[in-house]
Amino acid sequence: MRLELMTSPAVAAYLAERPGIVIPIGATEQHGPDGLIGTDHLCPEAIARRFGARDGVIVAPTLAYGMSQFHLGFAGSISLRPSTLAALIQDLVASLAATGFTRIYFLNGHGGNLAPLRAAIQEFYAARSFAGVTEPCPVHCRVRSWWELDGVDALRKALYGAAEGYHVTPSEIALTLASHPDHIAETDRPAPPPLADMILHGGDNYYDAADFRRRFPDGRVVSDASLATRQHGEDLLALAVDDLAKDFFGFCRSV
Amino acid sequence: MRLELMTSPAVAAYLAERPGIVIPIGATEQHGPDGLIGTDHLCPEAIARRFGARDGVIVAPTLAYGMSQFHLGFAGSISLRPSTLAALIQDLVASLAATGFTRIYFLNGHGGNLAPLRAAIQEFYAARSFAGVTEPCPVHCRVRSWWELDGVDALRKALYGAAEGYHVTPSEIALTLASHPDHIAETDRPAPPPLADMILHGGDNYYDAADFRRRFPDGRVVSDASLATRQHGEDLLALAVDDLAKDFFGFCRSV
Amino acid sequence: MRLELMTSPAVAAYLAERPGIVIPIGATEQHGPDGLIGTDHLCPEAIARRFGARDGVIVAPTLAYGMSQFHLGFAGSISLRPSTLAALIQDLVASLAATGFTRIYFLNGHGGNLAPLRAAIQEFYAARSFAGVTEPCPVHCRVRSWWELDGVDALRKALYGAAEGYHVTPSEIALTLASHPDHIAETDRPAPPPLADMILHGGDNYYDAADFRRRFPDGRVVSDASLATRQHGEDLLALAVDDLAKDFFGFCRSV
Amino acid sequence: MRLELMTSPAVAAYLAERPGIVIPIGATEQHGPDGLIGTDHLCPEAIARRFGARDGVIVAPTLAYGMSQFHLGFAGSISLRPSTLAALIQDLVASLAATGFTRIYFLNGHGGNLAPLRAAIQEFYAARSFAGVTEPCPVHCRVRSWWELDGVDALRKALYGAAEGYHVTPSEIALTLASHPDHIAETDRPAPPPLADMILHGGDNYYDAADFRRRFPDGRVVSDASLATRQHGEDLLALAVDDLAKDFFGFCRSV
Amino acid sequence: MRLELMTSPAVAAYLAERPGIVIPIGATEQHGPDGLIGTDHLCPEAIARRFGARDGVIVAPTLAYGMSQFHLGFAGSISLRPSTLAALIQDLVASLAATGFTRIYFLNGHGGNLAPLRAAIQEFYAARSFAGVTEPCPVHCRVRSWWELDGVDALRKALYGAAEGYHVTPSEIALTLASHPDHIAETDRPAPPPLADMILHGGDNYYDAADFRRRFPDGRVVSDASLATRQHGEDLLALAVDDLAKDFFGFCRSV
Amino acid sequence: MRLELMTSPAVAAYLAERPGIVIPIGATEQHGPDGLIGTDHLCPEAIARRFGARDGVIVAPTLAYGMSQFHLGFAGSISLRPSTLAALIQDLVASLAATGFTRIYFLNGHGGNLAPLRAAIQEFYAARSFAGVTEPCPVHCRVRSWWELDGVDALRKALYGAAEGYHVTPSEIALTLASHPDHIAETDRPAPPPLADMILHGGDNYYDAADFRRRFPDGRVVSDASLATRQHGEDLLALAVDDLAKDFFGFCRSV
């Protein structure tokens, strides 16, 4: 049930039954020599839409643009500043709250979104807290990246181990092989550059775009997406839909 | 050629040939008793994607959320504040400029977006102008709403006249009948409420959501979408693609 | 009745009778070799003050600075960023609303102001809409540029046709000849540069200041202000005052 | 020499000779039962324009709106938020810097403007300092309130002593008697309310509008404007023009 | 070596030898019935200052205020909005970059700070990336919470297991017992409320202040700080200093 | 009574008795060849903490970072932009208001903070005033710099006269000699540079960092801190505590 393909009265009827909505959020950024630029939003979109259609849950239009500043050194990458992404999230949450949703679930597909996304949700609540409102806010938000869902996480570790890496991961490439088979080839995908060609940074963070390009000249970060297969993608997708269903409905029931 | 389904090297190759990109921008807001909530972004998306596929032009992921604050009184409407939309646009333009695009074309599907969109583009240029840069900015932006393209505008006036109205117009409904035939019925669509049931405002502007709902209780504004047919939509779509081609390539050639 | 020349008790008495106020808004920017830098705010100021004095309507102090970033390549131009102008407008509207005005009419004299002005008004309403207020906002805003008032528009087209152009128009020069006869000469004004000296842009938008200066080296945009006469200005001013009266009082009565 | 009544080429010629400009800045706020709402901007405007005309110095359009939030409890008061005023000031300074002015003098008429005005100027410089620019900024800003100019300050203390008070001061009323004799009566102005009717606050600051109105029910703050005469105003105005000349030209010469 | 107790020439001399600085960052928020309100900033401050003194590393003044909006329902809690904290961090990083530091290490003591802190650092880099700077930024930032340092993490899990909980943890109470022995009693600290008195939320996030207070009426979140001892604190502090030394110097050497 | 060393229940008990809190605010900026970088926050911190301990008044954690953009040309200086400092102040005031404080006293140690601090407080009140709240805000804020307290001001003028200067003043150096005797030597402090080596600016304001460094190459501004003694510092500190007590309790009692 894609929100954009429903009518307003149908949404009103849904809200009488269910409190929740899923918002896929990702990025539009380089994914190495053969990954799709939209990988990070196509993955959560595919999972959320399959889940929404199967279980009768509303899925909002995908947030295709995310916080990808460190990828701006590669053609076709588009980024929002963290503060812009945060403003966007606050407005979505406030809109959904104004029209009656009380369980808002962000299914994320890009690690760089997490800090602005969480900051935005806290900023939304802060307005109430500073104003000293004594009634708890009925609107709850939840953020999950698709790869941290239980079954998905177990499978991707089992399939790829350290080759999963940090960017252009085989699991996300597998997922796009399943969801967009016409746009990415299953075979003859390039092997990853040797680790020796990368200047690893000292932790889990990225700096600016020029620094990223210096460290990872072809855009991939310690991952070997040549391991991905379409069948892996189908399996990951099926697990993700099941995991999401469990997590989403639990969230909807929580008080 | 949807950007999200391309690889970064493919975009780099494109940029060696062509300077331009099309960004569909719309809204996610109530469209009366039977219009699709996504109408305003589904229309420019359909036009842009058909054009991009036909003529080999890159189309960015659709901006599905727009400035729809006056629709927040109806279930399923989602709005950005004007300042948020403006920040979003500035970041997109700056990203595209950073990675080499110099002709950025926004194909718009929602009137309420125009002011924030234009303000944002001027804010982008203002940074250069305040800094006293004496080299003209190589990046040009253009904004067009699909209904003002020449052929489209002539046809919708010929087909519907005053019944075109201002919101939930027969032309946009016709377009979604063509682009999303499975999600909206061509027949038995409800007749518009009598004009006498509306409290018309004194101009071309909208006030807050409660005021909008008071004036237009079922969400439609002086339009009769029951006139729309799928064939109208096909005709409008075909004209729009031709018009867009002419306008976009002229823009790309302009100095 | 200029607000700045009234006392607060007199304003309170006025508000018991009338709901509305007129705010002239323009710009401070180059107007070619012989136009006044203040042309864009002097015109709506002259119209609004003559109307206010004649019909007993309060006129606020003129907003002399507007969104003129593309004129910053010429000495004496001053610009606000779009976001600054928007903040300014929001505060004026909120102040007037707080002290009891419910019909706020902006009489505009500069095209570049329209997008930020309209965005600001929507941002003002958005606060209410996001908060889910169900009582319609009693405060209404209206924006009109003086040249689009019916009688004025007809006369300027009749007098100048295509020579009206886009910047340093004969109609605005005529108006300043009438309103500020000591500061601009009626005769011997320079002929416009040949069209061939201009690099026309591909639409209705401007880019950065360096680009503007490149296209329009002496600051005028496809207009022939040498056609303007003081009598034209008197006629335009008289029509504008009548038009404004009709439009303003209609707005005050609207629900 | 009012900027708005000059042409751009005339400003360019001026800049070849002189580096400086004066910007009158004030407020639009209640001034008790008989003071003009525009008093705070009419005073610096009168001084600056008389000085500019006499000594051939450019005076920018008056900033008529200031930071007057604590006056919003009285009809006709209009305020900018401090952050809006600061944004406005930054844009003016940046514009003037971009077109060649290097000595920018704010002649202020409202105490509430000082903090935002000074904060804005520091924000302007901060951009350079954070960027580590090692060339000193050639643009200097100066802020003076007209009543602190030497001769003016001495005379107002001599004339009124403690009756000068803090708001609706006899000196500013005297100045408007001189500058706008048709709009304020020299005789029969109301005596101030007894001090006993005021709840004085514990310092030099104001709180919110409701608090101000509670403390100072008729809008005047410990001042006796009934002492003002037109002749006082003429004397103050003449002194102010001389003081401003000395201070402005010293500023222009400073390195 | 506390920055505030050094002279500027001494800092200049240090920068010739070492590139890095440590910034303790925490919060000022309720810590249940007997925890210190400053716990979250006192802990990283104690660790950083002991490390700085021992190993000759500059430690900046502690950021004592953090993002604690969900604690505002308890007396003495003070919060920054996420956007304010982000602005603060950006200015610190930009200042340190401007004066020559290239390795900036945030030692964090409050989980709620992480999202705004990381968003701020990305916003700092985004300015460069959007501008298309092709030289990698020489300034690197690193964020670590003291409890995730290797040795500390192992010890706290060994000591407390599940009783560590999420807020008012025994490890942080132990640390303050060691660092501020005069301000918190080692004995007779209250037992935690029964788990049954808490309404656990469905994940790792907090909502508004009223919701937090409803769930956790005495301010503690699933932790048993009565297990903490001063000796634990001394051990944790010693491990933390060693861990920090290793991590900080590795960061300083990284390229 | 340092807030960070109290428990939340203890603060709640305090609030039943007393309405007020003191917040020391200063800066972290170069203080010439031998002054401590933290001088501007160490001074108000020392005064406030001695007062708080003596008279049982809560003192918040010190705001160690202030608006010091013009010092960024010297190693170790850290600055907030004026707008960041203002946001910080607003959040502190709003937090304290939300948890029950109604008299908020800022004891300041850096002149550059005053404009942003005052602007922030007015912005806090403006929200209420724009909203038209008719109940006076119960929360009052007060700003005082320690050197303007009556007794302190008299003594520093008596001790140093013109040698007090504007930055690295003997009075602040004396205060740190008393409060931090281990970190600054009482003897052999360098004589000030000859006045002839300074390019004095034309007033009471500073421009950008490069300009400051050009005017004041060693960082001191027309002051002779070699006059300071520890005994002076002890005397100033004692007077300051007494002055603060009088001023703070008067503020707490004010209506």
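Letters A, B, C, D, E and F mark the chains as written, and numbering starts fresh at 1 in each.
Note that in this section contacts are C-beta pairs under 8 Å (C-beta built on N, C-alpha and C of every residue); 3 or more make two chains touch, one makes a residue touch a chain.
Since this is a predicted model, take the numbers as computed values, not measurements.
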item: Intersection of the contact lists for subunit C and subunit D; value: B, F
item: Distance from subunit F to subunit C - Cα centre to Cα centre, in angstrom; value: 46
item: Gap in Å, rounded to a whole number, between the CA centres of subunit D and subunit A; value: 53
item: Whole-Å gap between the CA centroids of subunit A and subunit E; value: 28
item: Of all residues in subunit C, the ones touching two or more other chains; value: 72, 79, 81, 83, 91, 95, 98, 129-130, 132, 209
item: Set of all touching chain pairs, with the criterion as stated earlier; value: A-B, A-C, A-E, A-F, B-C, B-D, B-E, C-D, C-F, D-E, D-F, E-F
item: Parts of subunit F lying in touch with subunit E, wherever the complex brings them together; value: 2-12, 15, 28, 30-38, 41-42, 60-62, 64-65, 72, 74-81, 83-84, 87-88, 90-92, 95-96, 98-100, 180, 183, 209, 219
item: Subunit C to subunit B touching residues, read off their complex; value: 67, 69-70, 72-73, 79, 81-83, 86, 112, 114-123, 125-126, 128-130, 132-137, 140-143, 199, 201-203, 205-211, 214, 250-251, 254-255
item: Interface residues, subunit F side, partner subunit A - complex; value: 91, 94-95, 97-98
item: Residues of subunit B defined as touching subunit D within the complex; value: 129-132
